[in-house]
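In what follows, a structure is listed as C-alpha cells, so that the remarks can point back to it.
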Amino acid sequence: MAKTISFLQAINEAMAEEMRRDSSVFVLGEDVRIGPFGQTAGLVKEFGEERVLNTPIAENAITGVAMGAAMNGGRPVLELMFCDFTMLAMDQICNHLGQWRYITGNQYAVPITIRTAVGAGFRMAYGHSQCLESQLLQAPGLILVEPSTPHDAKGLLKSAIRSDDPVVFFEHKKLILGGVEGEAPEEEYTIPFGEAVIRKEGKDVTVVAFGFMVYEALNAAQELAQEDIDIEVIDPRTIVPLDQDTIFESVEKTGRLVTVEEGRIRGGLGAEMAALACGDYFSLLKAPVQRIAAPMVPIPGSPVLEDLYLPNKDSIVRAVKRTL
Amino acid sequence: MAKTISFLQAINEAMAEEMRRDSSVFVLGEDVRIGPFGQTAGLVKEFGEERVLNTPIAENAITGVAMGAAMNGGRPVLELMFCDFTMLAMDQICNHLGQWRYITGNQYAVPITIRTAVGAGFRMAYGHSQCLESQLLQAPGLILVEPSTPHDAKGLLKSAIRSDDPVVFFEHKKLILGGVEGEAPEEEYTIPFGEAVIRKEGKDVTVVAFGFMVYEALNAAQELAQEDIDIEVIDPRTIVPLDQDTIFESVEKTGRLVTVEEGRIRGGLGAEMAALACGDYFSLLKAPVQRIAAPMVPIPGSPVLEDLYLPNKDSIVRAVKRTL
Amino acid sequence: MSLENEKLLELYRKMLLVRAIEQTHGKLLQEGKIQLMSHFGTGQEAVAIGVAGPLRQEDILFGTHRGVGEYIGKGMTAKDIWLEYLGKKTGLCKGKGTLHLCDRKVNIPGLVSSLGSDFSYAVGTALSAKMSKTDQVTLYFVGEGTCNQADAHPSMCMAALWKLPVVFAVCTNQFCEFAYMDEHYPTEDVAIRAAGYGMPYDIVDGQDIETTYKVTEKAIEHARNGKGPYLVEYKTFRMALHHSGDPGEYVKSEDLEKWGKRDPIDLCQKKLQDRGILTGERDQELRKAVQTEVDSAVEEAFSGPDPTVDDLFEDVYAQKEVI
Amino acid sequence: MSLENEKLLELYRKMLLVRAIEQTHGKLLQEGKIQLMSHFGTGQEAVAIGVAGPLRQEDILFGTHRGVGEYIGKGMTAKDIWLEYLGKKTGLCKGKGTLHLCDRKVNIPGLVSSLGSDFSYAVGTALSAKMSKTDQVTLYFVGEGTCNQADAHPSMCMAALWKLPVVFAVCTNQFCEFAYMDEHYPTEDVAIRAAGYGMPYDIVDGQDIETTYKVTEKAIEHARNGKGPYLVEYKTFRMALHHSGDPGEYVKSEDLEKWGKRDPIDLCQKKLQDRGILTGERDQELRKAVQTEVDSAVEEAFSGPDPTVDDLFEDVYAQKEVI
C-alpha cells in the first residue's frame, strides 16, 4: 500500500518511527521542539522533552554532546539547522566523528545521524545558502546521504538512524519548504546506502545529479528530448558510499558523463566522479566530462546574482550538448 | 648572491623581513614566542611581545582575532600549529575569511596569512599528522600555498604576507623538522602565486606533486630513469591559484598525468586536476589519469601502519607504469 | 541619569526611524513585494540606539541580525540600508551582503551569518586599535542566545587578558529563536560570566534610553581609558516574533502585555513631553518626516540598478584573475 | 581528610606505577628505542590518581595527554598501555590509537587529539547516563590551558542547564605548553568561571593525595545524587617539560625548587611512614615490584605482533565494504 507524503513529512515520520522502535533514539538541536524548518515538529508531543532536546546555540559542542551520548549507548539524531553551520563543527565531524571507531580499534562506535539543510534560492545570502556536501568528501569514516524524493528521504533516514556508522544527512531547503510530495509505502521500509536510482533511462549522455538538482536534470531531459537528445539521469542518493557500478554501467552505454551539483565546483563530488571516470573508466569515455556546479564565489544576497550563481536546467542542457 | 638556508630559516626570515618592512605585520598563535616547531623562534627578541603574541588555545577564536585585526589595519601572520587544528577554525576560514571581501562589496579586505604544519611520519597518529590542504578547495576567496624548497618557502611567504587576499600557507613537517636546505638569494625577493615550477623535465609522463611529495616524485624519477622512463615532475607551489598552463602544456607533450598528494584521495587536489584533465584537456590524454594519495582511512599510530598509509616513491613508480 | 534635551530628542528620532524601517520591511513582506527575511527588534530600540549612541565615528561596531537599531544608531542611513537590502549594485555591499549590513564610512565591518563568529573579530579590531595606539573602542552588540556560542569564551578571555578596548553589550530579549531564554541558560543573567575573566559588568534596564545610553557611555570610556573590556547586559523583551516564519505560539501573552506597557519609544516620548521638549504636534511631524525618509529610501532602492553577471565574479579576490 | 590505610597504600602504589611508566617511556626515548612523543605528568600524580580514584568501574573518564596517571587510576594496566603505545595489533586500539589511550573495559572512551574537543563528549556521556537513568558519573579531567578552548563554555553551560552528572576536574599545573599560565589567563584561578553557570566549585591543593581524592569524591557524589555538575580545580606544578622536544628555558628554577619540595609521592610516602603503614623495606619492595611490572609490560609489548596491511583498512566502518 502506498500513500502520498511530503518531503518534510517523510523526514518527520522517519524520526518518529525510529524513536518508537528504539528507545535509545533521541533528537537534539537548536529549537527542535518546534523545528525551525518543521522537520522535527510534533515529536516533542509524542516523545517528551527528554527525547527532543533543545540545545544552546553552539554547533561544535552540541555535535560533541551527540557524540558523547552515542559513545554511551544513545542514538542521537542531531539537527544542524543550516549546513553552513557544519563548518563550526568540522573538528568534531572530520577529525573525530568519522575516525573514532578506527582510532579506538573498534572499541567505540559513534552511531549518530546529523541532519542539515542545504541549498540556495531563498535570498539568504552567503552563510545560509551553501551546499557544502563536498566539504565532507575528504573525511574518512562518514556516510553522506542526500535524498531527492520523500520516498528516499524516509527510507534513507531510517537507515541512517539504524546505522552503526555516523551519517550526515543533507536535506535541500527547496524540498523541505517547497512542499514536494511523492509516494511512499505505508509499511515499514528502509533503503540501503550505496544504491543509485536511474530516474530516467536514456542512451545518449549520462547525467548524475543529486538532491534538488535531480529535478533540474529531469527538466533538462524533457527539454533535450525535444531535440531528440536522450539523456539518462542517475540519482546516487548517497554520496558516500557512491554507487560507481550504476553510474559507470550507464557511461559504458553512453560514453558521456555530465556531473551536476549545486555546491561549488573545485574539489566537489563532480571532480571526484570525473576523476573516477578518467581513471578506472577512462576507456568508456567518448567525450570530455562536463562538470556543472556553482562557481568559486560566495553566494550573493541579490536575487539577480543568486539566480546567476545557481546551476540549473539551462546550464545542464548546455553541458549535455557540449558532450555531443 | 645566493646563500644556503634551511626550510625553517626560510620561513623565519620571511616573517622577520616583512615585519621589518611593514609595521602592521605581526605574528600570533599558540606559543609563537618560542615556536612549537621553531618557525617563529627569535622573532620576539627583535620585535617585542606586542608584535609576537602568544594566544590561548582556541583556534577558531584566534583566527577570528586575526581577522578582526586585519579588518582594522593589521596584517597578522597566524600560526595554527597543526593543520588538523584548522578544522576547529573552518567556520572562520571557509564561511567568512574568504568571503568577507565579497559580501562587504569590497569594503573590507582581510589580509591575513595562516601558516600551518601538515604531514605524517612522526608517529603522532590520527589528529596531528593529516594533510588537509584539500579540505579548503571548496572555499572561495582563499589563496592556498605549499612550498617544497626553502627558496620557495621564503619567496612565497613574503608574497603571502603582502597579499591583500587571505592566504593559507602549508608547511610540511618533514621539511621544517628535517633540516632540508637549499639556495636562496641574499637579496629581497618574492614569488608570485600561480606559477608552477618544472622540477625535472621529462617526455613520457607528467607527474604533479607538491610539498614534501615533490621529493618522493623526484626519487621516483631517478628510479624510473633506470628503466628509461623519463617523467616530468611539476611542483605547482600554489594549490589555488593552480598553474593549469604549465601542467597541461606538459600533458600535451606526454599525454599522461599522475597526480600525487599526501592527503586523502576523495575530493583531493588530484581529483580536481583529473577533472580538469578529462574536461577541458580531454583530447590531450593518451591514458587514464592516475591519482596517488592517501586512502580514505584515519592515520594510524602504529609505525608499521603509518608507513603503509603514506604515498611514497614506490606508489608513484607503480602509478607511472600504469599509464604506459 | 538624564541626557541633554537635544541628545534625547535625537535618540528619540532614531528610535522612530528604526521602527519605521522595520515596519516598512514587514509591510513589504506582507505585500509580497520582497522576499527578504526579517528579524525585527520591536521593543528593543532603546537598547540598540542607546548602545550605539555614545560611540564616536572612528569607533567600531559589530551589530546583530535583529533589526536595524544599532546600524542606524551608528550612522547608517535608511537609504543605504534599503539599497543593500534590495540587493542593488549601488548598495554599500553592491547587493552582495543584503541583510549582512556593512558600512566602512561609519566603521561597521559587517554582519556574520554564523552567530558568534564575530565575537573574536571585535577582540581583533580592539587588538589592532591597541597595537596602533589609537583610542578607538570596539563595541560588540550581541543577543543572549549568541553568548552561549563557544567563541564567546576565548574571546572574552583574550579581551581581558590583553586589556583590550572592547565593550560587550548583551541584549537579553528573553528569547533565543523559538524558545525562552531559560531553555538556554542555567542562570538568570548572562553578565555574571564576565566575572570569570575578571571583567567588570553591569546589568541594566533596557527600556529606558537614558539608562542604556549612560551605562554604555561609562563602559566605553572605561575601555577607551585603557582599563580593558567591560560587559553590559540590557534586559528587554522581543515584542516581534523571531522572524517572518515564526509560529509564535510559545510567547506568553502576559509577557507581551507586561512589556508592551514599557515600550521604549512610548517611555521616551512621555519623558520628552513631561520635560516640555516635545509637543504632540512636533511629535506628529517627526513621525511623518521619519516615514517619508523611509518611503523615499525604499522607493529609490526599488528603482536602483541591479548588479549583472560581471558583478558575480567581482570582489572575490583583490585581482579578478585569481578565480 | 584522611583515607583508610589500605586505600592510601593502593593510591601510593598507583602513583609509583605512573611514575615508573613515564620514566621508562623517557628512558626508551633517550635510548632511541621508540619515537613515541611524551608529555609527562611528573609531580602531578596526586591529582591524576586522586581524581580517578573515587570513580566506579561503570563511571566514565575522559583523560588528558599528560602522562598515564588518570588511566592507571581508572584501571588500565601497564601492559595494555604499552601494547598500545608501541602500536601493536594486540593493543586495546589495535595499535591505531597509540597515545590516544582508550579502554572500554574500564569506561575510558578515548583521548582526542584536539584539546578540548572532548569537553562536550563528557557532557554527552553524562546526558545519556541521565536519560537512561543509571547513576553513572562522567569525570572530565583537563588541563587549565585547555579550559580556554571555546567548547569548554557551551559544554559547562549545557551540563549546568540540564543538571548532568559530570565532574570537571581541572589540573592547573601552571603551564600551557611553553608558557606560564599567566600568558593565557586574566585571572589567578580557572574555577571561578563555574560560577557563571551557577555551578559549584572548589579550589584545592593538588599535591596531597588525600585532599585530591576526598574533594573529588565529594564532587562525584554531588553529581551522582542528581545535583548536577561540579568543578574542582587542583593546583599543582608540571615538574616535567611539556614534551620531549621542549627547550625548557622558560621554567623558573625557583619554581622547580619550591614545588620539588612538595612532590606528591614523597608527601604520601612520608604520610604512610608517619602513620606506620609503610616501612622503608616494604617501600623498596613496592617500588621494585612496580618497576618489574612496567619492565615486563614493555618487554611483552616489544615482542607483540605488529598490525598488517589488512588492518589498515579495518574498522573504518562497521562493514569493511563501504570504504
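To keep things simple, chains are lettered A, B, C and D as they appear, and every chain counts its residues starting from 1.
The rule we apply is simple: a residue touches a chain if its C-beta (ideal position, glycine included) is under 8 Å from a C-beta of that chain, and two chains touch if they have at least 3 such contacts.
Here the structure is a predicted model, which means the values were calculated and not measured.
Student: Consider the two chain pairs B-C and B-D; indicate the one with the greater count of contacting C-beta pairs.
Tutor: B-C
Student: With chain centres defined as mean CA positions, report which chain is farthest from subunit C.
Tutor: D
Student: Would you mind pulling out the distance in Å between where the CA atoms of subunit B average out and where those of subunit D do?
Tutor: Their C-alpha centroids are separated by 36 Å.
Student: How many angstrom between the C-alpha centroids of subunit D and subunit C?
Tutor: 45
Student: Averaging only over C-alpha atoms, locate the centres of subunit B and subunit C and give their separation in whole Å.
Tutor: Averaging C-alpha atoms per chain gives centres 40 Å apart.
Student: Rounded to a whole Å, what is the gap between the Cα centroids of subunit A and subunit B?
Tutor: Comparing mean C-alpha positions, subunit B is 30 Å from subunit A.
Student: Where in subunit A do residues touch at least two different other chains?
Tutor: 56, 58, 60-61, 84-85, 87-88, 91, 95-96, 102-103, 125-127, 140-141, 240, 296-298, 300-301
Student: Can you list every residue of subunit C that touches 2 or more other chains, as numbers and ranges?
Tutor: Within subunit C, residues 93, 95-97, 100, 112-114, 117, 148-151, 153-154, 157, 161, 184, 316 contact more than one other chain.
Student: Mind listing the subunit B positions that touch subunit A in their complex?
Tutor: 60, 84-85, 87-88, 90-91, 94-96, 98-99, 102-103, 125-127, 132, 134-135, 137-138, 140-141, 240, 263-264, 266-272, 274-275, 277-280, 282-283, 285, 287-291, 296-298, 300-301
Student: Which residues of subunit A touch subunit C in the complex?
Tutor: Against subunit C, subunit A makes touches at 30-31, 33-34, 36, 54, 56-58, 60-61, 84-85, 87-88, 122-128, 295-298, 300-305, 308-309.
Student: For the complex, which residues does subunit C have touching subunit A?
Tutor: Against subunit A, the touching part of subunit C is residues 35-37, 87-88, 93, 95-100, 112-117, 145-146, 148-150, 176-179, 183-184, 247, 250, 306-309, 311-313, 316, 323.
Student: Which residues of subunit D touch subunit C in the complex?
Tutor: Listed in rising order, the residues are 148-154, 157, 160-161, 184-187, 192-199.
Student: Quick one: which bits of subunit B touch subunit C in the complex? Just the residue numbers, please.
Tutor: That would be residues 24, 26, 50-51, 55-56, 58, 60-74, 91-92, 95-96, 100-109, 140-141, 143, 163-165, 193-194, 240-241 of subunit B.
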